[in-house]
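Please go over the structures that come below.
In what follows, chain A forms one complex with chain B and a second complex with chain C.
On to the complex of A and B.
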């Protein structure tokens, strides 16, 4: 089924592309009164008709396989009801209906014998074929991966549309061009030789523009669908893309040869001049076309492979390169700097070599040598150990619940060696080959969450750290990692005080859910865009402060502050205990308090804690106190300071450990 | 047949087809829109409406005849929030105290609604 679907997709893609290319090539070449040229035009149109039919037939097979896929059983491919549903109720189906309609009109039009003696008729007829072919190809973009891109759907579809159109004009034009050159290179085709040369030059110019367009839109689509180096080398979609690029490089090398060497030799329209070159060019153009059609096989496979962005990447190397490796290593940083300078010299030499013909060889040698030397000098200091899971994204978000679950797992599995507080001072850790790591240290820049996942699952050979894959499931591993993140963030937060430091966002407030009485649960995340004051309070100590906050709630509300009061004792009857006077109207958590308190205690421990969370979800100030009434104007001033800050472009902090 | 005539015919047919499709979807869209506005008008007209909602008593103002409730979603009226509601009779307030989880009935012609019954839950 998979192979059939893939073959149908390839045939469909290839025939749609060839159809556009044939029509575009005829329009590009223009009208001719030479017999050979007219014969060529008729043949190209005849093959266009066949491609239109092939596109329709393969489309039917695709619809069938797609229906079978949706319904989850092969027999559905032959049931009218299932097919109708797929056609009318899915976007891919509707797009296919529209395209099938256009293809049918095109096929009928191609089979009509219309007279094109006059110039206006020729233009109208050939222009119509080109327009219909493009109209049949373009909607393809709205039925593929591009249509599923969020949130930039329209831009992704537009990029994809331009990408297939450019591919159509370049790839599809190659085959008719090769035929024209071959026909003109024969003895009896001499009459069409100037026409063929002109057509080849026009095509060459257009194809160059199309390749630039392909590269630009392709780069954009790669960002949409792959987005990272890990996605490129670590997922099947990314590897298909690499294969596509390798084939493309080969095709472009041949295209460059065709354009710069063979095309130039076509000059002269005498009976012998340029004829062998024309025949050779025809052959090379066919090779270019064959490579391009092979690329379409990969494209068809990519169409049925989930984009890299939605797949967990498996990092294939034992190292990765990152500037984080240079942190605190001045000597290595100097080395990397010198290496990069040498590399830049190499790049300059490369560009100069391209520009100056006479010096090309020596400059290229210099460029190669200094690029190699620069890379050899600069890259090794940047290397950090990496593992297959290094770029794996956590499947459990950074939430209070996960942190608390992770804390329990930590105490059961890790505290023995790493110590109850993560300081690396557990009793069982003594005498291990390597001292257990201090998990509070801020070494997150050099280690991804995926690194931690690998170490927890598989251990660290030779250090005494065992692998826990047999004891902890994947989800539990991530919970543990969420706890470790909160632990080290909390250790760093011990220095955070009640004053707001301008534009210093680093402490992400773990998300939590809470409920007030029987009302539906809400999450901290829902308050994004407003400033939140999370108050961890305990009665009776905090009564004075709570009264103060309640009394000035109007002021705070006007400043855009939401107060969320969390009783440290997690009393489900907290609202009643606060009493009717003064009136406390902000949310008082009656469900979920236990989890919130357990997680946020990693950041601050005091009888009364207030955490000021800014509009983007970062903790910006922590007040630890006893719950006495304090200066409320100071709080108002801090909020005003936060409100005066500009919201950074990357509005939401990472929901996940990174 | 002259080619440009054939082309013109095909293009006309295409335009008619696209136009027909657009009109079809447009009509459907329009119908949905109309139904929605009718439903909205019905909601806004003088019809009495009634909701049963759960919440928590946060404050009581006996002298104003107002009770402040943190409540869940009130479909077609307002999302979950904390706010004050008029009570239909003073007796209603006396039955509950601050901190009680309650189920209450909100009744009236928008925007003049009031709490008509209230009972503790749990």
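On to the complex of A and C.
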């Protein structure tokens, strides 16, 4: 069934593309009075009719397999009710209905064989075929992966549409071109030879433009759907794309040969140069077309494969390259710098070689040598050990609840060697081949969450660190990693004070959910875009400060500050205990407080703690105190400083992989 | 059987990675009050005709009010109502179809605590 679906998709893509190419090729070649040219045109139109029917038939099969997929049962492919629902109530179905309508009109029009005696009639008839073929192809973009890209939906669909259109004109035009060249290369086809030469030149120019368009839109779509090197080499979608690029490189090499060598000879003298070149070009063009149709097999597979962005990548190498490897290693940094300079020399030589024909060979040798030497010098210092899970994204978000669960797992499984506070000083760690790591150290820049996942699951050979895959489930591993992340961040946060440092965002505020009385639960993340003051307080010590905050709530609200008060003792009766005067208008957490307190205590321990979280979700200032009334204007000044900052368009903190 | 058929049809499609961006209650949340409804937000627009969710208790019995549907005003939100739940662990299972024709199946859990 999978094979059937894939075959139908390929046939559908190939026939839709061939249809556009045939129509475009006729328009490009233009009208001719020569018998051979007219015969060729009739044959191309006849095959276009067959491709229109093939596109319709394969489309019907795709609708059936899609219906089965959507319903989750194979039998649904044959149920009229299910098919009707798929056609009318899903975007893929509606797009297909539109395309099927256009294809039907096109097939009927092609079967009419309208008269094209007059030049104007010819233009109208062939133009209509081309327009209908393009109109049937373009909406494909609105039912594929591009339709689901957020938030740039329109741009993704437009790129995808241009991509298939360019592919149609290039790939689809190759087959009719090969036919024309072969017909014109024969003895009896001599009358159409000038026409064929002209057509080949026009096609070549257009195809070159289409390939540039393909590359540009393809690069954009790769960013939308793949987005990272790990996605490219570590997911099925990415690997399909690599295979597609490899075949494309081969097809382009043949295209370049055709264009630079054979096309120039076409105009040569009839029997000796022009005709053999024409015959050979016809053969090479067919090879190019065959490669392009093979690429469409991969495209069909990509259509039914989830885009790399949505898949967990499996990193295939034992190393990765990162500038973080140079941190604190001056000698290696110098080496990398020198290597990169040599590499740049190589690039300059390469460009110069392309520009200066006479010096091409020596310059190419220089380019190759310096690029190789540069890479050999610069890349090894950048290498960091990597594992299959290195680029895995945590399946458990960075939330207070996960941190607290991870802390319990840590005490049960890790504290023995790594110490109760992560300093690497546990009693069982003494005498191990390698001293247990100090988990508070700021080494996170060199290690991804996925690295930690690998070490926790599989251990570190030769160090004494065992693997815990048999004892901890995947989710528990991620909880533990969330705790380690908070532990290391908290250790660094001990130096963060009440002053806001301009544009220094590094301490991510773990998300938490809370509820006030019977209201529906809310999350810290919901306040993104506003400044939040998280207040961990304890009565009676914090009474004075809480009254102060409650009394000036209006001022804070005007500045866009949300206060979330968390009682350290997690008293469910906290609101009543704060009393009615002054009235507390900001949320006082009555459910979930113990979790928030346990997680945020990793960042600051004091009888009364205030954490200022900026609009992007980073902790920017921490005030540790006893709960006495303090200068509220200082808080106002800090908030104004945060409000004056421009919000950089960087990833939301929970997506950071460290 | 149905799941197997779907798998056989498009391997990979049914295994697409979770695209749930947010839920109320949150994944693995522990709540003191039973939630009146479950809301799921996705990163892609959903096809209402083929997007379903249900809530089951520890015994596997469906407990929601069977009104799970994609929101009309926000096609990325799927919500369903709940009766007053007794304390326990609940599983929200969902199977959604995004507009690019991919089926995503996944689940999340939350716990309603005993009243203190």
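Everything below uses one rule, namely that the second predicted complex is superposed on the first by the 648 of 658 C-alpha atoms of A that agree within 3 Å, B and C clash if a C-alpha of one lies under 4 Å from a C-alpha of the other, contacts with A are read in each partner's own complex, and residues count from 1 in each chain.
Assume a contact is a pair of C-beta atoms (placed from the backbone, for glycine too) under 8 Å apart; a residue touches a chain by one contact, two chains touch by 3 or more.
These figures come from a predicted structure and were not determined experimentally.
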{"item": "Partner chain(s) touched by A:66 [first = chain B, second = chain C, both, neither]", "value": "second"}
{"item": "Partner chain in contact with A:577 - chain B first, chain C second, else both or neither", "value": "first"}
{"item": "Touching partner for A:236 - first (chain B), second (chain C), both, neither", "value": "second"}
{"item": "A:394 touches, of chain B and chain C: first, second, both or neither?", "value": "neither"}
{"item": "Comparison of chain B and chain C by chain A residues contacted", "value": "C"}
{"item": "Contacts of A:92 with chain B and chain C, given as first, second, both or neither", "value": "second"}
{"item": "Which of chain B and chain C A:150 touches, first, second, both or neither", "value": "second"}
{"item": "Partner chain in contact with A:523 - chain B first, chain C second, else both or neither", "value": "second"}
{"item": "Touching partner for A:139 - first (chain B), second (chain C), both, neither", "value": "neither"}
{"item": "Residues of chain A contacting chain B in one complex and chain C in the other", "value": "518, 520"}
{"item": "Chain B-touching residues of chain A, taken from the complex the two chains share", "value": "101, 105, 109, 112, 114-116, 118, 120-122, 124-125, 127-128, 516-520, 522, 573-580, 583-587, 590"}
{"item": "Chain A residues within the chain C interface of the complex", "value": "1-2, 5, 65-66, 68-75, 85-86, 89-92, 143-148, 150, 236, 304-306, 310-312, 395-397, 399, 401-402, 513, 515, 518, 520-521, 523, 525, 572, 591-592, 595"}
{"item": "Contacting residues of chain C [partner chain A, same complex]", "value": "1-3, 5-6, 8-13, 15-19, 22, 24-33, 35-36, 43-45, 47-50, 95, 97-103, 116"}
{"item": "Residue ranges of chain B in contact with chain A within the complex", "value": "1-4, 6-8, 10-11, 13-14, 17, 54-60, 68, 70-73, 80, 82, 97-101, 103, 121"}
